[in-house]
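For reference, the structures are reproduced in the following blocks.
You will see chain A twice below: alongside chain B first, and alongside chain C after that.
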Partner chain A sequence: MTEILQVTIFGLLLGGVYALFASGLTLAFGVMRIVNLAHAVFIVAAAYATFFAFEELGIDPLVSIIWLVPLFFILGVGLYMTFFVRIEGSPRYVEMTVLLTFGIAIMIEGLLGWRFTGIYRQTQPSYLTDAYFWGDYIVPAGQLYAALLSLILLIALWLFLRFTRVGYGIRATMQNRDAAQLVGVNVRRVSAISFGISTAFAGAGGAFMSYLFPFFPFRHWQWIALLLALVVLGGMGSLKGAVAGALILGVASSLVVDQIGAGWGPMAFYAALFGILLVRPQGLFGKEAVA
Partner chain B sequence: MALLEIRNVNAGYGKGPDILKGLSLEVEAGTSYCIIGPNGAGKSTLLKVISGLLPPRSGEVVFRDVPFNGARPDQVLASGICFVPQDQAVFPEMSVKENLTIGAYLEKDRSVIKERMERVFDLFPILAERASQDGGTMSGGQQQMLALGRALMIDPAVMMLDEPSLGLAPQIAQQIFSTIRELEALGITIVMVEQNAVRGLELADWGVVLDLGIVRFEGPADTILDDPRIRELYLGKAVGSGGTT
Partner chain C sequence: MIEDRADAGGLEPEVVEAVAAPKGPGRSRWGVVAVLLVGLLLLPLSRPFIDSYNYTVLLATNGLMWIALASSWNILGGYSGYISLGHAVFLGVGGYVAAVPLFYYGVSPFLTALAGGLAAVALGLVAGLITLRTRGPAFIISTIALLFMFLLIFENIDYLGGTAGLPLPVVPISRDWLKAPFFYAMLIAAVGSIVLSYQVAHSKFGLGLRAIAEDETKAEVAGVPTRFYKIIAFALSAFWVGVAGAMWGYSLAFVRPTLFFTVAISAQMVLMAIIGGRGTVAGPVIGAVLIVAVNEFSLTQFGSSEINILISGVLLVTVLLFFPLGIVGTLREKRLLPAFLDWD
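Entry: the complex of A and B
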C-alpha cells in the first residue's frame, strides 16, 4: 500500500508538469484550431535558454521563469502575426497548421542542433537531489517545485480566462468562433494573445524540463507525441481535459513502471490512450464533433 | 437619409458564383423589415454581408452615411448593428449570465452592463430564472431567447435576425414573435429573414422579396401579403400550410 501511494505521488508530480506542457498545446488548438507540432520544440528551446542562463550566469531555473514567460509570449505573438495570419480562412486551415508547425519545428530543431550540438543536457540546481519526507513518503524537491509552480500557472490561466475581458473573449472563441465575432470579439487579436499564452507556457515548461528531463534537440519529437496523446485523451481543445489527462496518464505510467517494469511505461501510456478513446472517441472532455 | 444602405452589392462564397447580384436596399430607422424569398435567393448572405462576416466582392454597405469598407464584424457591431444568426449560436459552456455579459463585450462600463442585463431579464423572465444554467443545456426556444437577449446587451440600433423561428414549436415561435414586437417598441430597427413569410410579414412594416440575388419587390408588408402575384410566386407554400413551420 505504501508503495502504491508513493508511486502515485511520483505520478501526480509528473502529471502536474505534463499538464502545464499540454495545456499550452490544447489552448492553441481550442482557440485557433492550430495543431502545434512545434509546441515541444518551444519547450526544448526554453530548456536550452534555462540551461545556459544557469551555466553562464548562475540564474536558477525556477527564477528563469520570470523572463522566459514574457519572452516566449512575445515570440508567440510574433510567430502568430507573421505566419498564421496568412493562412487564416484557408479552406484546409487545420491541415495547413500541421504542415506549418511541422516546418517551424524542424527549423528550430535544426538551429538548436547547429548551435548547441546533439549532446544531452541537464541543468543541475542544488535542489535536484533534495527531497522532503512526509511520514514514510519521499517527495523529491525539484519535482515538487515544478508541480506546484505548474499548478500556480494553471490556476492563473484559469482565473485569467474566467474573470478578465480578454479571457471571456478567448473562451467565447473556443466555444463558438462565429458567435464570438458576432458579439464583438476581435478573434485575430484574441488568437494572437492565446498563441502567446500557449508559447509562454512552453517557456515556463522549458525551465522545468531543463532539470527534470534531460534533453537534446531531437528529443522534442518524443515529447510532442506524448503531449498530443494527452491532449487527444482530454478532448482536443479542452483545458480541463488536458489537465485531467496529464494527471491520469502520469499516475498510470508511474504505476506501470513500478509494478511491471520501466520498459513498459511508454507502452502503458499509449495503451491507456487507446483504451479510453475506444470508449470515448471524443476524449474525456471533448465535444462530439470538433470541426 | 436612410439609416442603412446597401448599394449595388455583389457577394458570394469562396470561388463560387455571386449569390447577391448587384443588390441595393435602403433601411429606414424605426421601421421593421421582413425579407422573404425562395431558398438560395441570398437572404442569409445579405445579412452576413451587412454584419461583416462576408466581405462583399463589390458595392458597399453604408450606415449613418459612413461606408463600411471591409469592416470586421466587431467594428460593425460597435457601430450599432447586431446579427442573430440562424443557429442561435449561444456559448454552450457559459452560463446564461456569462452569455449575456459577453454580449456586452464591447461595453466597458460595468454599471451599464448591469442595467442592460436587468432590461433583458425584464423582457425574458425565463433567463433570469436560469441565470446560472449553461447555455448549451437549454431548450431551443430558450436558446433563441438567450441569443436575442445577448444581442440586446449591445444596445443596438439595428437588429438582424436570421430565421428566428426556425426549428421551434409553433407556440414557442409565437412567443419569439411577440418578443420581436417588444424589441420594435424599444425603438430597435428590425431586419428579419423569415421562412414563415406570412407570420414575418404580419409582424413587419415593410416587406422585401429577394429572388436570384436582387430585390424583386418591396413595399408595405400588408400590400405584399395582399398582392396576388407575390402570393402565388413566393407565399404559395406558406399560405397553403396555414402559416405553421
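Entry: the complex of A and C
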C-alpha cells in the first residue's frame, strides 16, 4: 500500500508537469484548430536555452522561466504571423496545420541537431538530488518545484481566460470562431496571442524538461506522441481535459513503470489513446467528436 | 454506390474530369516507361563497364525503395487525404517478420518478404478499424502513437533482440553480385507499388477516396462507404512498405527498432509525396528520386545528417506554402506537364 501511494505521489508530480506541457497544445487546437506537431520541439528548444543559461551564466532553470515565457511568446506570435496567417483560408485547414507544423518541427529539430549535436543533455541544479520527507514518503524537490510552478502557471492561465478582455475573446473564439468574429472579436489578433501563449507555456515547460527529463533534439517526437495521446484522452481543445488526462496518465504510467518495468511507462499513454478512441472518440471532456 | 460520375456527391468538376480517365495518346509515355525499365533491368549487369558499380547500384536500390514507400503512402495520404505520420511502422513490421525466421531458422527473406507485406496489411486493417472511426486529426495522432507504441514493444521484447535488434547473415552468393538481388527486389516493390497506385487511381474505389478527400460528409451522403474505403486504403498502402522493409533489413544485415520505427522515415515518405504532388500517380515517384538525390548531395557536401533534416524541413514548409500541389500538380495546373508524367 505504501508503495502504491508513493508511486501515486511521483505520478501526480509528473502529471502536473505533463499538464503544463500539454496545455499549450490543447489551447492551440481549441482556439485555432492547429494540431501543433512542433509543440514538443519548442519545449526541447527551451530546454536547450535553459541548459546553456545554466551552464554558461549560472542561471537557475526555475529563474529562467522569467525570460523564457516572454521570449517564446514573441516567437510564437512571430511564427503565427509568418506561417499560419497564410493558410487561414486553406480548404483542408486542419490537415494543412498538421503538415506545416510537421515541417516546422523537422526544421527546428535539424537546427538544434546541427548546433548542439545529438548527445543527451540535462541541467544539474543543486535541488535535482534533494528530497523532502513526508512521513514515510519521499517527495523529490525538483519535481515538487516543477509541479507547483506548473500549477501556478495553469491557474494564471485559467484566471487570464476567465477574467480579462483578451481571455473573453479567446474563449469566444474557442466556442465559435465565426460568431466571435461577428460580435467584434479580432479573431486574427486573438489567434496570434493564443499561439503566443501556447508557445510561452512550451517555453516554461522547457525549463522543467531541462532538469527532469534528459533531452536531445530527436527526443521531441516521443514527447509529441505522448502529449497528443494525453490531449486526445482529455478531449482535444479542452484545457480541463488536458489537466485531467495529464494527471491520470502521470499516475498510470508511474504505476506501469513500477509494476511492469521501466521501459513500459509510455505504454499507458498509447493504451489510453486507442482505448478512448474505441469507447469515446471525443475524449473525456470533449464536447464534439474530433473532426 | 456511385454509378454516375457527374453525380459524384457534388465533386468539383476537375476531380470528376481527372478521374474520368481514359484520355490522350499513351504511346509516347509507354515508350519512356519501356526504356526506363529495360535500363533498370540491365543496370546490375553493368559491373564490367562502370567503375563505381557498387555505389551506383546501391543508390539505385535506395531510390527504388523510396519510390515504393512514397507511392504506397500516397494511396492513403494522397488520394483520401488522410495523413499517416506513422507509416514507418509497416517498414519495421515487414523487416522483423522477415528477420526473425532468418535469424532463428535460416529462412531466406526472399521467401518471407510477401509475408512481411501481408503482416503490414493485417496491422493496417486492425489499426484502421480503431483509428479510422473518427475523422481528421485523431487519425493522424494515432498513427504517430502507433509508431511509438511499436518502437516501445520491439525495444522491450528480448526474443526480438531488444534495443540492439538482430544481426542477420549476408546473402550466400559471390560478393561481386551481392547488391543485385536487392536491386531486383526493390525494383519489384517499386513497380508493384506504382501499379497498385495507378490501379487505385483509376478505379471506383479511388474515386471514392478522392471524394473523401474533397468532402467526407458529401461523399458519405453520395453513398461512398467512407469508413470501409479508408480502412482498405490504409491496409493497401501498407503492403509494399512491408515488403520493402523485409528486403531493407536483409540488405543492411541487421534490424534494429530505432532504425525502422522512426518518424524520420515517415517524414521522408510525406515529404517525397508532397513535393512530387500528392494524389497523383507520378508525383511520389518524382519526389522520391528528387529527395534521394538531394539527400545524397547534402550528405557528400556537408557530411552531416542534421543538415539533411534541416533541408527536409525547409523544403516541406516551402512546398506547402507556395506549391501545395507539388511538382506534378503545379505543372498540370499550368498545362506544362509532359505526357510521360501524366498518369492520372
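In the analysis below, the second predicted complex is superposed on the first by the 288 of 291 C-alpha atoms of A that agree within 3 Å, B and C clash if a C-alpha of one lies under 4 Å from a C-alpha of the other, contacts with A are read in each partner's own complex, and residues count from 1 in each chain.
Criterion: contacts are C-beta pairs under 8 Å (C-beta built on N, C-alpha and C of every residue); 3 or more make two chains touch, one makes a residue touch a chain.
Worth saying up front: this structure is predicted, and the values here are computed from it rather than measured.
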Item to check | Which of chain B and chain C A:166 touches, first, second, both or neither | outcome: neither
Next on the checklist: Residues of chain A touched by chain B versus by chain C: which partner has the larger set?
Outcome noted: C
Next on the checklist: With both complexes superposed on chain A, which partner does A:139 reach: first (chain B), second (chain C), both or neither?
Outcome noted: neither
Checklist entry - When the two structures are overlaid on chain A, which partner does A:179 contact: first (chain B), second (chain C), both, or neither? => result first
Next on the checklist: Looking at A:261 after the superposition, I want to know if it touches chain B, chain C, both of them or none. Which is it: first, second, both, neither?
Outcome noted: second
Next on the checklist: Just checking: does A:99 make contact with chain B only, chain C only, both, or neither of them? Give me first, second, both or neither.
Outcome noted: second
Checklist entry - Mind pulling up the chain A residues that touch chain C in the complex? => result 29, 35, 37, 83, 86-87, 90, 92, 94-96, 98-100, 102-111, 113-114, 117-118, 217-218, 221-222, 224-226, 228-229, 232, 236, 261, 263-264, 266-267, 269-270, 273-274, 277-278, 281, 289-291
Checklist entry - Which chain A residues qualify as touching chain B in the complex? => result 91, 165, 168-169, 171-172, 175-176, 178-186
Checklist entry - What residues on chain B touch chain A, complex-wise? => result 14, 51, 53, 72-74, 77-78, 82-85, 89-94, 98, 101-103, 105-106, 108, 150, 154
Checklist outcome for this item: The residues of chain C that touch chain A in their complex are 81, 83, 85, 130-131, 133-138, 140-142, 144-149, 152, 155-156, 213, 263-264, 267, 270, 274, 304-314, 316-317, 320-321, 324
